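Two complexes, one shared chain (chain A), two partners (chain B, chain C).
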Partner chain A sequence: MMRLPWFRHHAPDTLAEAARILAGEGPNAMLIAGGTDLLPNMKRRHQSPSALISLARVEGLKNISNGSGGNGEMRLGAGLTLSDVVHCAAVREKYAGLYQAAAQVATTHLRNMGTLGGNLCLDTRCNYYNQNYEWRKAIDFCMKKDGDICWVATASKRCVAVSSTDTAPALIALGAKVRLFSATGEREVTVADLYNNDGMDYLTRRPDEILTSVLLPAASGWNSSYWKLRRRGAFDFPVLGVAAAVKTASDGTVEEARIALGAVASRPFLVEKAGGLLVGKALTDDAIAEAGALVASRAKPMDNADLDIYWRKGVVSSFVGYALREIRGDDMRVTRLRIARHAL
Partner chain B sequence: MNAVVEARRNVRVTLRVNGEQTEVLFAPYKTLLEVLREEMNLTGTKHGCELGECGACAVLLDGVPVLSCLVLAIECEGRSIETVEGLARGSELHPLQAAFADLGGTQCGYCTPGILMTAKALLDKEPDPGRERIREAISGNLCRCTGYLQIYESIEEGARRMREEAK
Partner chain C sequence: MSTRKRFDVVGKPRRRVDGRSKVTGLTKFADDVVLPRMLHAKMLRSPHPHARIDAIDVSRAEQHPGVHLVLTGRDFPVSFGIMPVSQDEFPLAPERVRYVGDPVAAVIAKDEQTASEALDLIEVKYTPLQTIATPEEALAHPEARIHEYGEHGNIHRIQAYEFGDVEEALAKSDHVFEDLFFFQGNTHLPIEQHASVAAVDGEGKLTLWSSTQVPHYIHRALARALQVNAAHIRVIACPNGGGFGGKCDLHNHEIVVSRAAMRLGRPVKICLTREEVFYMHRGRHPVLMKFRTGVMNDGKITGMHLQTLLDGGGYGSYGAASTFYTGVLQPVSYELPRFKFDACRTFTNKPPCGPKRGHGTPQPRFGQEVQLDKIAEKLRIDPAELRLNMVAKPNSLTANWLRIGSIGLAECIRRVVDISGWKDKHRKLPEGRGLGLACGAYMSGAGLPIYWNKMPHSGVQLLLDRSGQVTVFCGATEIGQGSDDVLAAIVAEVLGIDAFDVRCVTGDTGLTPIDLGSYSSRVTVMMGNAAIQAAERLREVLAEAAAEHLEVSPERIVLAQGRAFLAEDPGRGISFRETVELAEAKHGTLGSVGSYSPPRAPARYKGGGVGPSPAYSYTACVVEVAVDAATGWITVPRVWIAHDIGRAINPVSVRGQVEGSVYMGLGEALMEEQVFRRLPPKLSGALVHKIPSLLEYKSLTSLDMPEVETVLIEDPDPNCPFGAKEVGQGPLLPVMPAVANAVWDAVGVRIDEVPITPDKVLRALERKAKGENPRVGPESFPAVPYPEPICVAPPWEGGDGNASKEKRKAPARKLEGMAAS
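Then we have the complex of A and B:
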C-alpha cells in the first residue's frame, strides 16, 4: 500500500491569494489541480512537497473566452479539465489538433480529473524513474531523484527523462501562449518557451508562478492535426506525438506552417525548418515526404519509454505524413482508427 | 478565504456519500478511496493499482466518474459522492447490477464496482448509448476475466431495462 506523505494543505479562493501563499511557502510547496500526475508521483516519493496549494477552488481558472476581443483569439483557463477541452465545440471546430491531443490523453476518468494546465506541466517520465521507492532504491536511484547517475545514458551529464505531454506539441504547432501569474506580476510566454530540454529542470516556469491560461491565436485559414503513437489505444503516454498546423491560401498554397514533436526529447519542440520548407508550395505528396524526412532527422527518442527506439524514430516521417495529409483534406479515418483505435 | 490544514493533524470533514451527510475524521493525506474504505467501511469501492491505471476505485463525484485513489478526501467537502453501495434500492438491485448478474458481466468481481459506477454515469446522460460509446466510457476500467464482451452486453441490457422502467 502506497500512502501519500504528510503535507500542509491550502485551499485558496482567489488567484492573488494562491500566488501569495505559493510565494510565502517557498520552492518546497507545490500546486495541485487535477492531481492525476502529482499524486501518483507523491505516492512513489518522487515529490514530497511541504505544502500543497489546491487550485480547485480558485475562481476564473475554468473560463473560456472565445474571440471576445474581436480578434478571433481564444483563451482557455488552465483549470479546465481535459474532458472540458474535448467537449468544447469551439475547440473541435477551430483547433482540431488540440482536440485530438486532449482526447488521447489517458482515459476518460483521468480526463475528467486532469487539467489542461496540469498536462502542460506534466512531470517528465522515464522507466528508471516512474517506479516505487523500493524499486528505485534497489538500483541506487537515478539522477532525476535521490541518485547521481542516469541509467539510460550513463555518460550523460543531464537527465534524459522524456516529455510526455500530448497537448503541448499541439499547442506549439498552433502558436499558443501561456500566461504565468505570480505575486510579483504576470507574463506571457509561448508554449514552446515554457520548456527546457532537461529531464529535471524541464519547465521555465518559476516555482512561484501559476499557469493560469492558454491563449490560442485566431484560427482563420489554419488547419491542424495531432497524431500519437502508443502501445494501447485506450490508455498510454505518448512515445511519439506529431502536431502540425498549416495556413493555406484559397488556391492551396501554404502560407505558414508549424510542425512540433512530443515524446522524443525532454521537451516538446518546434521543428523550425520544416514549416519553412512547406511555405509557398502546395501540400503535394513530395512536399509532405520532404517535410517528413526533415522532421524525422530531429527526433531523438531515448530508450527510457515503451516500444523499440529505432522503430519509434522510424515511424516519425509516416506520422508527419498522416498529420499533413489530414490537413490537406485526405480521408484519414481508416488510418486514424488503425493508429488511435478510435475515431477523432 | 484560504482554508489551511496543518500537517500532522487530523481533519474533520463532512462528506456527502450516497446522499447521506457524515462527519469523518482523517489524516489530510488520505485519498477519497482510503477514507471510504478505512474510515467509513464502504469497502465496495475497490483498491487496485493506487496510481490511476486500473479504474477499480472509480466513484462518481458530482455525477462524474473519477478515480478515488487520486482524489484528496479533504477536497471533497460539499460535493456529491456516489459509490456502488448507493446503487441498490433497498433490497432490490439496480437494473445495471441485475443485468451484470444475469448476463455474466462479473467473474472475479474486482473491477465490477468501478465499471457499474462508470456505466451509471454514462446512462444517466445517455439512456441509449451505442457499443462504441460504452467502449469509450469504460476504456479506463481494466477487467482481466471477461474479455469485456459480457460487460458490454450487460451494460446494454441494463440500459434497456432502465429505459423500460422510465416508460
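Then we have the complex of A and C:
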C-alpha cells in the first residue's frame, strides 16, 4: 500500500496555541481536521508538510450557536463533522441547501470524519493531479505539483484544477461568511471571497490562518436548494454543483436571489446577474429557463474530471431548473431520487 | 451416485461454511500472512508506454539503508506466460518495456517505506519507441513491433472459421442485418489487491502464499520461470478477496518475491497498490465487432458472419483463448445453421488484457442480443417470442460442433417475461421508460486445460477417522465464489452429515490433489463430480460396515442426518461416528480419491478445443430503465433475471452470484471503462491509464443498485454433480445488452457500445430530433487481413467434425432439420 511521508504532529488544545504553532512552523506546516482529503493526498505526495497541526482537540470548533444574537443568524463551528451538520435540525429547517450539500459529500464514513471547515478548504482536483507519484512521473508532472505545464490546457498560464467542495457553493448562495483566526488577529470574509480562481492558489486564507467558523445570515423568508451532479449515488466528488437561495414575498414574487456554481471552475462562484434576473418575478417556468440559460453560459467545465465536458455544460440549465423548482415548492422527490439516488 | 431423491444438504439455503469468518474479518488473505524476519518488496515500473532499456543503475538503491536486495531483468533470464503459446513476459523487463507500469526493477527492504524510497534511487535510461495505442494503429503500423512473435507486425492472433457457406445462407435470407458494435475494456476491480509472500524452509524449498485463482498453473509456471524443480515448490492459494479472472495469470510480483526469498533466505512480501492492480489488469478486451446476420421473415436466423478485432495490450496473457471466445459460444443459445467467425487480436502499448468474468463472450453476446432486438423491431415480432422461436434444442450439436446437453433457456425467458410484466410494459410504457430483454449462455468449465495433457481436471481426496472427522482435500480455490461450501455440501450430502462437519483443505499444491483452478466456471462441475466419486467410494465402505453391524444387506443402508440406518426402519441404526469406527476397524485407515475429466468433445478441427464444456448454463434478463430526455440521465430501477442453474447446491450462494453478476453487468453497461490518455508527442507522448483508482474508475455503489428479482430454473443436467451447472459468470452476460435494449424501448435511441453513458444517450437523442439515425456506436470496421477460413461442415451438412481440406463450394443444401445431433 501507499505510505504517508514522515511529519511532525502537534495536537494543541486551544485556538491560540494552534495559531501560535502554525505561525512558528511556517508555510511548510498544514492544518489537519478530519484528514479525509489531506491524508490520501499526502500518500500520493501531493503535499508533504513537515508538520501537521491537528484541530481535533481544539476547544470551541464544534460549537453551534443558533440565533443567540437575536438576529436570526447561525454560527457553525468549522470543526463540526459533515455528519454533525447533516444531523443538525436547525440546519435542515432553515438552510436546506447546506443540508443537501453536506449530505451529498462523499460517503457516510467520510462524513463522519470530514469537517465543514475541511470541505471548504478542500484541495482542488484534477485527474492529471489526483494520481500517485509514479503516474505523475510518467506524464512528467504538472504545474500544480512538481511540474511546469497544465496538461488540461497546455497553453494555460494558470492551473485549472477544479474546486470540488459541495458546501461552498451552498454557503455562497446563502450569503454566508467565514471567520479566520491567526496569531496576529481575526477577520471575517464572505465565503465567495475565500476563493481565488486558481487551481494552485485557490484560497485567500493566509497560511497562518485557521478557519474557525461559518456565519449564516438569518433565514427568514429564504428557501434554498443544492443539486449535485456526480456519476454515482455515493462517494463521488461533484462535477457540477448548483446552489440556489431565493427570498420571496408572500405573493411569490422574488425579492432577492442568488445562484452559485461549484465544480465548473477553480473556485465556487456566485453567478452575477442570475439573481437579479429573477427579482421582481414569480418563479415561473419561463423565468427558471431564462435563469438556467444564463447560469449555463457561465459554466466552464474542463476535461479534468469525470464525464464528458460538453455534456456537463449542457446539463447545467436542467440542474438550475431542479434547484429553482424545488424552491418554488414543486415535488422534486422523484427527480431527486434519480439524480442523488437517495432522498434529501 | 446415490439414487436417493430427497436431499438433506443440496438445495437447502444455508449459511456458507466459510461465511462467519468472512463477515467477522477472520479469513486470512495473502496480505494477512506475516512471517518472522519478513522483508518487503516494491517494484519500479516503466513510465514509458514503449521503450528500450539502455541501462539500469541500481548502485544508489543498493546502498540505501535498510535495502537488502535490488533485482533487475538480469536476474530473470527466462521468459514466462500463462499459456504455453505466449511465453512473452519477463518478471522484470530486461531490455524492453511495453506499457506504462511494466516492471523493470524490484527493491527488497526492511519495510515498504524504505523499499519505496529506494525505488526513486534507481536510474533507468530509456530510448522511447513508437507507441501503438489502438488496434487500428497496430494494423497500420507493423513497426515498431511490440513482440517478435505472433502472426505478423503487431497482430498477435488472427484466424477465420467457416461452418457452412454463410454467404449463400445470407443470399437466400429475407433480410440481412449488418451492425457494428464496440465493447469498451474494463477491469475486474477485486476489493483485495494482489498480495504474495514467499519463503524458503531450512531445506531450501519454496512456499508461495498468493492471491491466485489457479495455484496449479502458478506452480507449473513458477517452476519454469525460476528453473526450480516443481517438487520443491509449494503454492498456497489464500482465499481471494475477489478474482473475476484477474488472478489467473502468473504475475511478475509472484516470481520476484520467490526469487528474492530464495536469494535472501528470508520471507519476502509484496502487496500491490490499487494503481498496480490496474496495471496488472488482464481484464476485459476492448472488442470492435461486425455482425452480418441473415434472417427469415419469421425471425429465424439463417447464418451469421461475425468479425471481431481485439485490443490485447502489451502481452499475450490468455489472449489466444480470449480471441476464440469472442465467437465460439455464439451458436449455443439459438439455432444457427451456418456460422462464420473471423477474429484478430492486436498488441498495443497498454496493460495486457485477459480473462474477465465471461472471458471474451460478453462482447459478442452484447452485439448479438442488441442485433436480435433490432431484428425483432424491424420484423414487428416480440423480442421474447423471437428468441423463444429459435432456442437451441437440448442434446444437440451446434454448427461449430459444440455439444449442448440440457438447456433451460426457454423457461428462463418465459419466467422473466412473466415476473417483469413484459407483455404489459414492453413498447407500452410512457416515453422515457422502457424494458429490455436479453439472454446469455456460458460454459460450466472449459473442456480442455491450458496445457495439453490427458490427466484429470480435478481431483478430490477424502480422509475419515474414528473421531468422525471428515477432511476433504482439493486444489480448488476459494475466491469468494463459494467453492469450499460446494465441496463441503457435496461430501456432506453423500456421507449423510452436516456441511459444517466437513473440513475443507483447498488450493494448496503441497497438500491437495490437482484442480485446474477457479476459472471458466469449472469448479462446481469438475470438483463436484470428483468429490461425488470420492465420497461415493467411502460411502460404500461405510454402508458395508454399518450393514454388517446391523446384520442387513448394504443396499438397505441409508446414510443421512449423521447416522447410518435402515431405509425401511429409520429407528434402527448407528451414528456416523460409530459407522466410521466400524469401517476403520474393518479396513484400516479410511481414505478415498475421486477425479474428473470432461467428456471428449465432438469437434475434430484445430481450434475446436475452445468452447466445449460438460454443460452450458443459460440466463434471461429483463432490465427496466428510466431515461431523462433533457439530460440523457439513465436510471435502472429494476432487474428481473432467471438463470438455468441445473440445480442449486446452495440457493443462497447461487442468488448471491446472480446478484453479483447483475451488479458487475450494470457497471459494465453504464460506467466502467479502462481508458487511456495519450499526451501530445511533442510534450511527453505518454500513454497512461486515465483513472487507475478505485474512486475515479467508476463502478456502481450500493446506492446505485436496483431491485433485483432472481428466479432459479432447476432442470438437473446429467453431466453435473446433482445436476448443478455454473452460476459465476453466465448471469453477467445478458445484463449489458438488456440495458441497451431498454434504452431503445424508453427513448428510441440505439447505443451500440458500452458503457452506455448519459452523454451518448443525449447525443443520440439530438440526432433523433434532427431526423438522423438515432444511434451512437462505431461507424466503421477497419480492413483486417483475416486469412482464408478453416472450413468445417456443420453436423447437418454431412460434416464429421474435421476441417475440410479446401473451401467447399458446396451446392445449395437444405437448411431444415439442423437441430438434431
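To be clear about the criterion, the second predicted complex is superposed on the first by the 344 of 344 C-alpha atoms of A that agree within 3 Å, B and C clash if a C-alpha of one lies under 4 Å from a C-alpha of the other, contacts with A are read in each partner's own complex, and residues count from 1 in each chain.
As a convention for this text, a contact is a pair of C-beta atoms (placed from the backbone, for glycine too) under 8 Å apart; a residue touches a chain by one contact, two chains touch by 3 or more.
Predicted model only: the values in this text are computed from it and were never measured.
In the superposition on chain A, A:318 contacts chain C only, with no contact to chain B. Legend: residue contacts after superposition of the two complexes on their common chain; A:13 is shown touching chain B, with no touch to chain C.
In the superposed model, A:342 makes contact with both chain B and chain C. In the superposition on chain A, contact of A:112 is made with chain B only, not with chain C. In the superposed pair of complexes, A:294 makes contact with neither chain B nor chain C. Of the two partner chains placed around the shared chain by superposition, chain C is the only one that A:310 touches, whereas chain B remains out of contact. Legend: residue contacts after superposition of the two complexes on their common chain; A:234 is shown touching both chain B and chain C. Contacts of A:2 after superposition: both chain B and chain C are touched.
Shared contact residues on chain A (touching chain B in one structure, chain C in the other): 1-3, 234-235, 342.
For chain A in complex with chain C, the touching residues are 1-3, 127, 130-132, 134-135, 137-140, 149, 151, 154, 231-236, 306-308, 310-311, 314-315, 318, 338-339, 341-342.
If you check the complex, the residues on chain B that touch chain A are 1-8, 27-31, 34, 47, 50-53, 55, 58, 64-67, 69-72, 74-75, 118, 132, 136-137, 139-140. On chain A, the positions that touch chain B within their shared complex are 1-13, 17, 21, 32, 35-36, 39-40, 43, 50-52, 54, 56, 83, 106-110, 112-113, 234-235, 342. Interface residues of chain C facing chain A in the complex, by the touch rule stated above, are 45, 47-48, 100, 112-113, 116, 193, 271, 273, 275, 626, 628, 630-633, 635, 671, 679-680, 683-684, 686, 688-693, 695-696, 698, 700-704, 757-759, 762.
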